Each structure stands twice: as structure tokens, then as C-alpha cells.
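Note that the chains take the letters A, B, C, D, E and F in the order they are written out, and that residue 1 is the start of every chain.
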């Protein structure tokens, strides 16, 4: 046990915790004013529901010893998860590790809310998110971090590229397609970009806890993660804005903050295994690629990923996984592996296996869960509720009131 | 002295510090746009006035050895409050403990601003808050934490259910009644709920510092507090929304964030003494009860507690005190006590004594202080200023400007 | 190496990091709604550009051993800046010190954005800020902290009065004069003061990392810094509001938050060397003086320092430097010096030399850099773009969308 | 009944609109349009002050209520309005009355009297 | 051509304005003014609820489109509007038609027909 | 003096309103109502771009100034307006002039000329 490590992980947990309200504000600013509260609720409710679920069973399913596919039930109801260090770190309380991981589980669900904005029923999303957390998040987390098969074959994912970003991105895409386009999607501009700016800043802020905290201590690897996270985000901004400026002749504020997040997503799986120079490249390409995906791919394929959670987290996370296979080097982290550019092609194959497996598993199970949910309650609100806005129709509130 | 503890308490102090601007934003979003700056000012000024007062004399009155009712003057002007650990912790600087406690003193006053919104004079609130901090906050804090009589009879209040929440809630209620109803209270909807959402998120964020930090180190008790705080807030959301949905058929965003705060208030006194399962129950009931108090009690009794500081902090804090008497168990904290459900009824009686004594003392002294204040300056603005809005009439500012 | 120190500096770095988005929100709320994104971008882009520049060369120029005027190139590309402690602290990783300092370099540039708001071209500011960071920030930081001549002659500047505040304030003033007045400056009220309130709160929050973190550990000096920072900010609010209330009969919310920042700026250079009582005086005068500078000086001299970065950071920083020369005492910090009120006039002279040298150097080089920039791209947008608003004309975005 | 269409604009302080609406509904008004406006007249303005700079602002928050009537006598609307809104203090506002050439109900194409006579 | 100036106010739901504008441009409308308003009529209101307190709100978000025409026949504008906006459901809105006494173009001082006949 | 009531609507760019108001006060205008509107006419629109999606927006921020006069000659208002607002560039805006049937002052019930002739 090492008190300073515990303090560090307390701080990291706090930082990641703040990302979820950050997502709510980030998303809330991008929808129209008649849907801001509904959107915020989608991102906020996981803080209630998934937190409790995690304590009751989610943590056990994801992290307790089980089979290669999913954890067991040993830690149900936090049995055995107390102050004594657990198997994942000798220096911090097991319960602190559990809370740190809880913030990831909550965040992942709240990211999904991006693609479904402005049309999914609140009750449907609640049911969906509980099932999804149990049947998608817990297994994927187990595969990578809980000793499951992805870990066994030797893939590496430092802070959750697969677990958090690809899985939420793909789930978001599946839901967006199943829900169909928003009626007024062609016509819906972000109603409050300063709110989005604020949310994005809180998300970035929290990301330091997310990435650096994933080292579970502030050692040499962690410090490298810290530097990598800083430069990848910076490079992501530049990557996005340069391409945006080339195509549209305007560098936008929404582009700048989106680029930062793209860079952060991209560096997430790689941050503990690559050098700062590689991080700059990963961030630059991450920013450029995510812009391209949102700008070109989305309009070509025609799905309505309302707030681009797939464009950022899915594409960015995929690139991050590939980049790990390319740029990873044992010179910065003996516990990692060497990537293609350091002479070993196998890591890249493993990364691709991990990515493809995650895509397929998440897509299939998300689809099934959504179908099951729709047996109980329709996924989408009716036309009138959608045109009036979900704030009034589902929650009986309006975000803003002027004098009349 | 233990450096890691100091770092932890630095972090905790920062977190609690942030709750006060959080309150300002939380409240600011709930009033009409013509009063948002005035409301924010009520919550912000304690950061100036009460901070200085604390350094000069407040800390000494609350925490220095004195009699059973109030502290002495030994630590006036921070005399003897330096880097050396003080009597409250061996492992952190005395001055750090003093600053941590300062954030509580500031926050408590800023909570009161909820009931008086949209009609109390700024100057009156300033005078009131100085007197209140000296003659209400300092003694009550001394009773519970400074070695006063409530401590002597064996009541327990981990993070300030009595000191912070009941005292601010009751003071708020007394002022709300003395001020009377807002002229347009029937007609005043929150002008900016995203602002309220943001404020509530910052408050919740800070609450981890509030509760966990009250352990003064990150030991086993502290980790239990951390888990309890997480689950109680989550359960508070669910408790509120379930009841709200039963009654009004709509789960609201304002309800969700209010429920989180209700759960947090309720767990505050108990968090160091109860199990996580008990915390879930305390949070659930906390959320449900506060909704009921605001929904039903307020309209029945007819007072205009504008932003429901009594409904949340008073009612929630009272339930938290009772719950401590019910659920406390020495199995999680040897320094605590066993509650009714663990075989000892005496703690419940002590809790009730503490609650009732706090209610009476705070109500009476708040009333007297408000009366004294009103000798110097009227408590309430005149009708015209109220209808124009306090931002323009008292502060000469408007929160928002459009192009005209 | 001391893990707890590293954790502390991680926290401090996070806190200072948050100040830059805080500045963006603080400034963004003060401009008109047609320029909020442009203003935010000015403050946000340093997080991308200056961060990378810092890693590549800025840190080396500022902190690596060089001559008395500027650092060398030894640490270019972070060569030698790794996990091993560097020359500036034995207890934390060198790379952590580098990141902590990065947040200062970024923040300083983002402060400058205040004076140029609503009229400077985005591309011009980008070019300018890169040059400025290299040719102004790096040398001045080197003079004071990197072993340069100001350090050699014995001036003391705890957390960056000269390096951060005076230099950004003066640069801001020079740019504001070179750009000329905004066309509608007489007519431009802050469009969203709650946003400004939020930004100011984040800035204040971060300032604890800024000042206390500058001690690089949480020792006796650091704790004194913490207390001083708290009370100076509080006193700054009171100083500003008292004078404002005397002159305009209204204590404003914008005044309160500006006063807090004024107090914080003023205490920045002195915080490690003075007593809490002195800090209260420094804060009070800081608040009053900055109000006076903005109220009276600006209108007399007629420059359009749009968001008063000079009024706050320039004037406040100057007063802070002078105050250090007056109030510093070795009784609180053996590594400091005694000021005039403690019997030694020489520190005051040194402070004045430092201030004057910084004014002259920054003013001249800023002017030259701006002139050079204007050879590539005009500094100011054209009339039509200015009247349409920079958000639409430069960034192709509008901050807010209503239903039409 | 002659088909004279009249538009009535009421400019007044922000008010409890729901109550006023109920009063108007009683005399048969079938639709109302409201908007936020700023108004100035003889009331004195107020001073705003930002960082020491004072700015006079003579624009007060007002609302504009537009009512088109045909069947309902204009005088009734004026009377109800005065009863509800008159406080005797400056700023109570004004009622402006215009003639209208025609009204068309978009959904049905009904014109004039019929456009307003919504099927209740 | 007689110089009759007509003002047409359309009150309807928030719509995709750019498309509607294009339709109007086709028949020769040279300028449009739009604003956000709130409207109430026979549609039922909705309930807002804040911390358990229910408040009925019968005001719906509407937009008001103002068009002044001279050359362009009023009936054309009405037709285009009905074609574009009519859904048959309550809330489609109303078109109010007024006569105008004069129009002045500020930049040139041109009046009436000339003020509207912008040089294309 | 014949009691002809006239309403003048000015649609123009957002301006320094206080100065304009002072000019109007000089010629005797006793009250003004202002609101934010969006306007489109022959000026070209601008492009907004959000995450790569371009959207044309032809609506510009405009303000609408409503003035009702009786005593004051309409031409005076037009002249003052043109002098103050004309820049010669497109977008200066238009002045629309209507006849009014009546005005009522809510507080006193005074009508027509008397309603506007505020006791100064």
C-alpha cells in the first residue's frame, strides 16, 4: 500500500468522473434548444444507473476472475472489494480501483448518447443502457483488462481504446442506424457552442485522469502517458483545423474542440506504449481522420450519427488501435510490445483482431439489445414529440425561459 | 506529518472550494434572467467576506479550545495556526485543516442564498451573513467538531449534516418566511437549466472532497465514505425521479440533479459510519423525501423557499441525521457508534437531540440576527426594484445582452 | 524523488491547465455574441500551438542552461527531459516540471487575447503568438526562473508576476494600441455574464495550482502561499467593490470577479514571501487599483483594451512587484528577501528594475513582432467582417441558434 | 355582421400571460401572438455599469401582444386589457389598433371571418 | 400598374426557412423579415413541471414572416405559402394581410414600388 | 390638426440605439418599440459550417423599430431616419408606413392624439 498512489488515484477518479457531466454539456450545446435537457439526461442517467449496477454486479462481471470471455460473480455486491489492495494494484485499495473503473463504465454509456440525440425515448435508453453495460461493456472490459482472451493473445490497450471508445462508437452507430434520421437533421445547428466548448474542456481535463490514471501510479510510464496525452490533443486540434481549413476555408471553434477530442481518443490505447513524437503523429492523423470521417463518410453512407460519437470515438479509437500496432515500443514501456515500426508485425495483427472482434461483437449484441428493448418500449419518440422537442414532451421542462 | 495526507487534503480543499461557485451557478440558473447576477452575488460574496472573517476570528470561535458552547480567541488572526499539525490531525499542517474548514464555512452561508433569491437586498444579506457566520455557524461547528456539547454527549456527524446542511436549511427557511413571498413567485420558471445542471455537477464533484476529505486522510474509513457518497448520490437521483414520475408522469432534468444533491445531503452525516447498502437506502429515501417536501410540504405551508434550500438541505440533512442514528455501525468505523438497526437506540436519541437543538438554536438566532440587520437596512428590496429585477436595480448590470 | 510531491505537482498542473479554458470562457462572456467563438479561439489555440512549441523548443529556451538572457538548445525536443528529476526540483520528474511550466506558457499567451478581442485576425494572432512565445515569453521566463540576469541580481518573483502577468499585460496593451479601437467599442456590453462568472471561477480555482504549485512541494512556504492566495483574492473583491460602490453606487458582479482576479494577480509575485496580513493589504489595494486603472486610466488615455487584460494583469502585476519589494520578509521564507517595510530598500529597487526592464523589453519586442506579423497578414479584420462579427466572418459559425 | 377585421397590438410590461389569456378567451378571442420587445417612452432609463463605464439604457423589457378579431368587438378587447393591465403608473403601455384587409387560415384556406372562427 | 402596397404576415411553426425563401423568391418577393414569436390559439397547451410544481403553458414557439409586396400579387404569396406550409393539422397558422401607405428605401430614398423593386 | 395616426416600421442593421433615439426625441417622437428580427433581401447570405457540413444562411440580424406618430409629421421621421441610417450600402433597410385606426393609453384610457401626447 502506498498512500501517495491512493491520493493520485483519488485525483484520477475525480478527473474521469467529471468527464461525464462534461459529455452532457458538450452534447447539450450541440443539439437544438428544445432537446438540450433530454440530451443531458441521456448522458447524466448513467451516473445514477450504471454506478449502482457497477457496484451490484458490473464490476464483478468485468474484473473478477472468470472465464476468458466474462468475469465471475465473486465480487457481486462488492463482496471482497474493500480496502485491501486487489489483484490489479498492490499499492491502492481495491475499492479505489473499483471506483476508478466505475467512472469508465459510466462514461462509456454516456458517450453513446451522442448518436441517438433528439429522437430516442428516455425510457428506452435507460433499459438499453443497463443491458448494454452488462452484456457489452462488462465482457469487452473483461477481454482486455480482466484477463480475458484479448489480453491472453497479447493485445495491448492502455487506457481503453477498445473498451471505451470503439465499443461506444460502434454501439452509437448501430443505434443511430436503427433509429433512423432525425426529421429535421438537415436543419439543426448547435444551439449553444459556448456550452459545447465548456463541456469539451471538462472532457479534456478529465482525460488526463483517464490516461495517466490508467497507470495506477505516477511512475515513468505514467509521466510518458502524461506528455503523450498533452501533445496528442494539441496535434489533434491542428490536424483537424488544417484539413477543415483546406476544405472549407474556415477553421471553426467546434472543429478545434472536436480535434482535441479526436487526438485524445486516438492516443488513448497507445499512450502508455509510444514516444511523444509518435504521439504527435497519432494526434495529427487522428484529428484529420475524424474530420474526414464526419465530413465525408457520414454524408456518403447517410446515417444520422447526430453528434458524431461514432465519427470521433469509433474512428478515432480504431485509428488509435492501429497506431498502437504501428508505433508501440518497449523502449518506453517494458510491459508493452514493439509495433510494426519497431520491427514486429504481430502486434498490428493482434490490434486488428481486437478491433474487428470488438466491432463485430459490439455491433451484434447492441443490435440484439436494442431489439429486445424495443419489445418493451418503442426506441423512438413519435413525430409530434420529436417536433415539439424532447425536453417538453418527455421531461416537461424547457431549458431556457425568457420574460414571456 | 505525512506529505501524502497533505496532498490529499489540498485536493479535498480545492474540491470543496469549487462547490461555492457551483452553488452560484446552480442557483443562478433557477431564477429568472433579471436576477441571475444578484443570486450569484449572494453565493459569491461569502468567498470574500466569510473567508476573511474565518481567518480573523471565525476559525478560532469554531475550533479553538473554548467552552462547551463556543471556541475561544486563542487562534484569532491565525495566531498559532501554522505549518505544525494542530489538534485535529497529526499528519497535515494546521493551516491546511483551517483552510479545509474555511471552505465549509463559506459554503454554508452561500447555501442560504437559495431561499432569499429574487428579493433580498444585497447589503442586508452581507451584514446578515457576517453576523450569522459568527453567531450561528461558529457555535454549531464548535458543538459538533470543536469539542462542544454535542460531541460530548456522543452524537456523530461525519461531514456536516448538522453543521452545514441543517443550519443553512433552517436559516434559509427563517429568512424566506421573514421576507415573504416573491411577488411573481407563481410565475417564475428557471431561466437557464443548463447553467443549473453545470452548477449541480460542480457541487456533486466537490462533494467528494467534502465527504471523503472529512476523513482527513485516505484510510479505510475514507474509502468507505467514497463508495457511500457515490452510491447515495446515484440512489438519490433514482429516488427522486421515481416519485416524481409517479406523481407527475415526467422525470425531469432538474429533478435528476436535485435528487443527486438530496442523496448527497442525506449521506453527509452518515457517510463515515454506514455500509454501502445502507447508503443506497439512505440516498433513495433522501431523494424521495426531498421531492415530497418540496412538492407537498412547501405548497401546504405556503412559504416561498425560492430555490428550495430548506427542502434539500434542511429536510435532507434531517433525514441524514436520523439515518445515522438508524444505520450507523461500528463494523465500518470503530470510531463511530452502533445505530438502532445495530442494536443501540441511544444514538438515535442523540441524533434527535442534536437535530432539535440545531433547529431551535439556528431558528432563534437567525431570527434575531435578521431583525438586527433590518434595523440598519431593510431586508427586502422595494416593489419596483423587485419587478425590474435585482440585477439592474441593485448591481446596475444585465446578465445577457442581445444585439439591441 | 518523492511520490507525494509528484502527485501534488500533477494536481497543480491540472489546476493551472484549467485556467486557459477558464480565460476563454471569462473573455467569451464579455464580448458580444457575434464574437464569442472568435474570442474563445484566441484563448484556446495556445493550448494547441504553444503546447507543441514548448515541447519542441520553448522549454529549452526558457529553462535550459544558456546565457543570462536566454536558455540554450540542450533540451530541444525534450532531449534529456525525462523521468529523472531535473535541476529545478529533486523530488519530481523533470518532465512533470516541464509540463507544469507549459501550462504557464500557454496561459500567458491566452491572457493577451483580452485586448485584441473583436477585431484581430485569427491567422495574425496565431503567427504573433508563436513568435511572441519564443522571443518574449521564453527570455523573460529565463531571466527570472531559468537562471538569467533578473535572478542573478536578486529579484524575486514567486509565481510569475513579471513572467506571466506583466508580460501578457504589456503585450496586450501594445497590440490594443496598434490595432486601434473597435468600431463599436462605445456600444458593446458583455453578452453573457454568467459565462464570465464561470470562467472567472475556473481561473481562480486554477490559481491555487499556479501559486501553491510554484513551491513545487507542499511545504511550509507552500502552505503560506495557499493562505495568502485565499485572502488576497478575497481582499481583492472587497477592494474593487468598495471603490466601485463609492464611485458608481453599485457593486457589480463583474466587479466582484474582476476584483478577485486583481487580488490574485497582485499576490502572485509576492505570495511566497509575505505574511497573510500583508496579503490582505496587497489584495485590497490590488482590487482598488485595478478598478481605478480600468475606470480612469483607460478612458483618459483612450486605448481600447477590450477586455482589460492590461488593466488587470499589467497594473495588478506591477503593483504585485512593487508590493513584493515592500512587504517581503525572510521570516516566512528564508529563501526570499526582506523588503522595504522590513528594513531593506534594495529589494524594492530590484523589483522596479525588473518591472521596468520587463515593460520595455516586452513592449519593444511585441511591437516588432506585431509589425513582422503584419507583413504576412493584416492584423485587423476589415470593417465589414468586424461589423458582421468575427464568428461568422472568420470561423463560419454562430455561437447561438434560436429556432429561426 | 359586417366582416371588419381588426388587429390590436398591446405593448405592455411582461405579465402573467396565462391569466390574461384566460380573460381574453372569455370574450371570444380565438388566437394571440406574443413577442418580446424593448420599449422606450417617457419613463426614465436606467444605468448599466461595466468595469466603471456607465451606459444609459432607456429600453425597457416589454411584450407585444397581437390579437386579430372580427366577431369580437374591439372595445371589448380594449376594456378587458385596461381592466387587467392598468396600474395607473407610467409604463402600463399602449394599445394600437389597425384595420386588416384579410386573414387566411393556412390549413383550410378559409378567409376573413371564417379563418378566425375556429371550430371549437 | 397601380401602386398598391400590401403587407403579409404569416404566423406559423418554425420551419426550414431557406427552402421557403427560395419558393418566395421564385414568384418575385424581394425581401422578407422574420422573427420569433409565441402563439396561442385552440391547440392545447403543455405542462411544464419544476420541482413538482406544474405550470400550464399554452404558448407555442411560432415564427412570424413579414413580406411587403407591390408588384407581386398577394394571392401568389398566399398560394405559395399554403402549398408549402399546409399540413392540415391545427397549428399551421394564419396569414394576415394589411394595406400599406408607403415604403421608403433608406439608402436611396426611393418610395413605393421603386423602393421594393431592388436592382437585381 | 387632423387626427391621422401613422405607424412607421424601420427595419435596419443593429445600431447604436441610444443616439438614434435622441434624434427622434428632438422631433417630438414620444415612444418607440424595438425588437430583434432577422431579415433577408438581396444581400448575399453567409455560410455556416459545423463539422464539415455547410449551411447557407441568408438571414441577417436586423432590428425593427416601430414608431407611432400623430402630431409629428411622418416625413420628419423619414428624414431623420435616412440621415442617421443611410450609408448607401445594401442592407441599410426599409421604412414601412401604415395607417392606424386608433391608439389607447392603457393607464388613462386616452385615445388617439391624446394617447400619444404624453404629459412631459
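Convention: a contact is a pair of C-beta atoms (placed from the backbone, for glycine too) under 8 Å apart; a residue touches a chain by one contact, two chains touch by 3 or more.
Fair warning: this is a prediction, and the values are worked out from it, not measured in the lab.
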| item | value |
| --- | --- |
| D-F against B-D, pair bridged by the larger set of C-beta contacts | D-F |
| Same-interface partner of A-F, chosen from the options A-E, B-E or B-D, over half of the pairs matching | B-E |
| Geometric centre distance via CA averages, subunit C-subunit A, whole Å | 34 |
| Between subunit E and subunit C, distance of the C-alpha-averaged centres to the nearest whole Å | 51 |
| Of all residues in subunit C, the ones touching two or more other chains | 3-4, 7, 11, 34, 189-190, 192, 198, 248, 250, 252, 254, 396-398, 402-404 |
| Two or more partner chains touched - positions in subunit E | 17, 34-36, 38, 47-50, 59, 61, 98-99 |
| Residue ranges of subunit A in contact with subunit F within the complex | 189-190, 244, 247-248, 250, 252, 254-255, 258, 291, 294-296, 299, 308, 311 |
| Residues of subunit A defined as touching subunit C within the complex | 2-5, 7-8, 11, 15, 32-34, 189-194, 197-198, 201, 204-205, 208, 212, 217-220, 223-224, 226-227, 230-231, 233-235, 237-238, 248-254, 256-257, 259-260, 276-277, 280 |
| Residues on subunit A engaged by subunit E in the complex (per definition of touch) | 34, 184, 186-187, 387-388, 392-393, 396-398, 404 |
| Residues of subunit C that touch subunit A when the two form their complex | 3-4, 6-7, 10-11, 14, 17-18, 21, 24-25, 28-29, 36-38, 40-41, 44-45, 47-49, 51-52, 55, 77-78, 82-83, 93, 95-96, 99, 102, 122, 192, 195, 198, 391, 394-403 |
| Subunit D residues within the subunit E interface of the complex | 7, 17-18, 21, 30-35, 68, 98-107, 109, 115, 118, 120 |
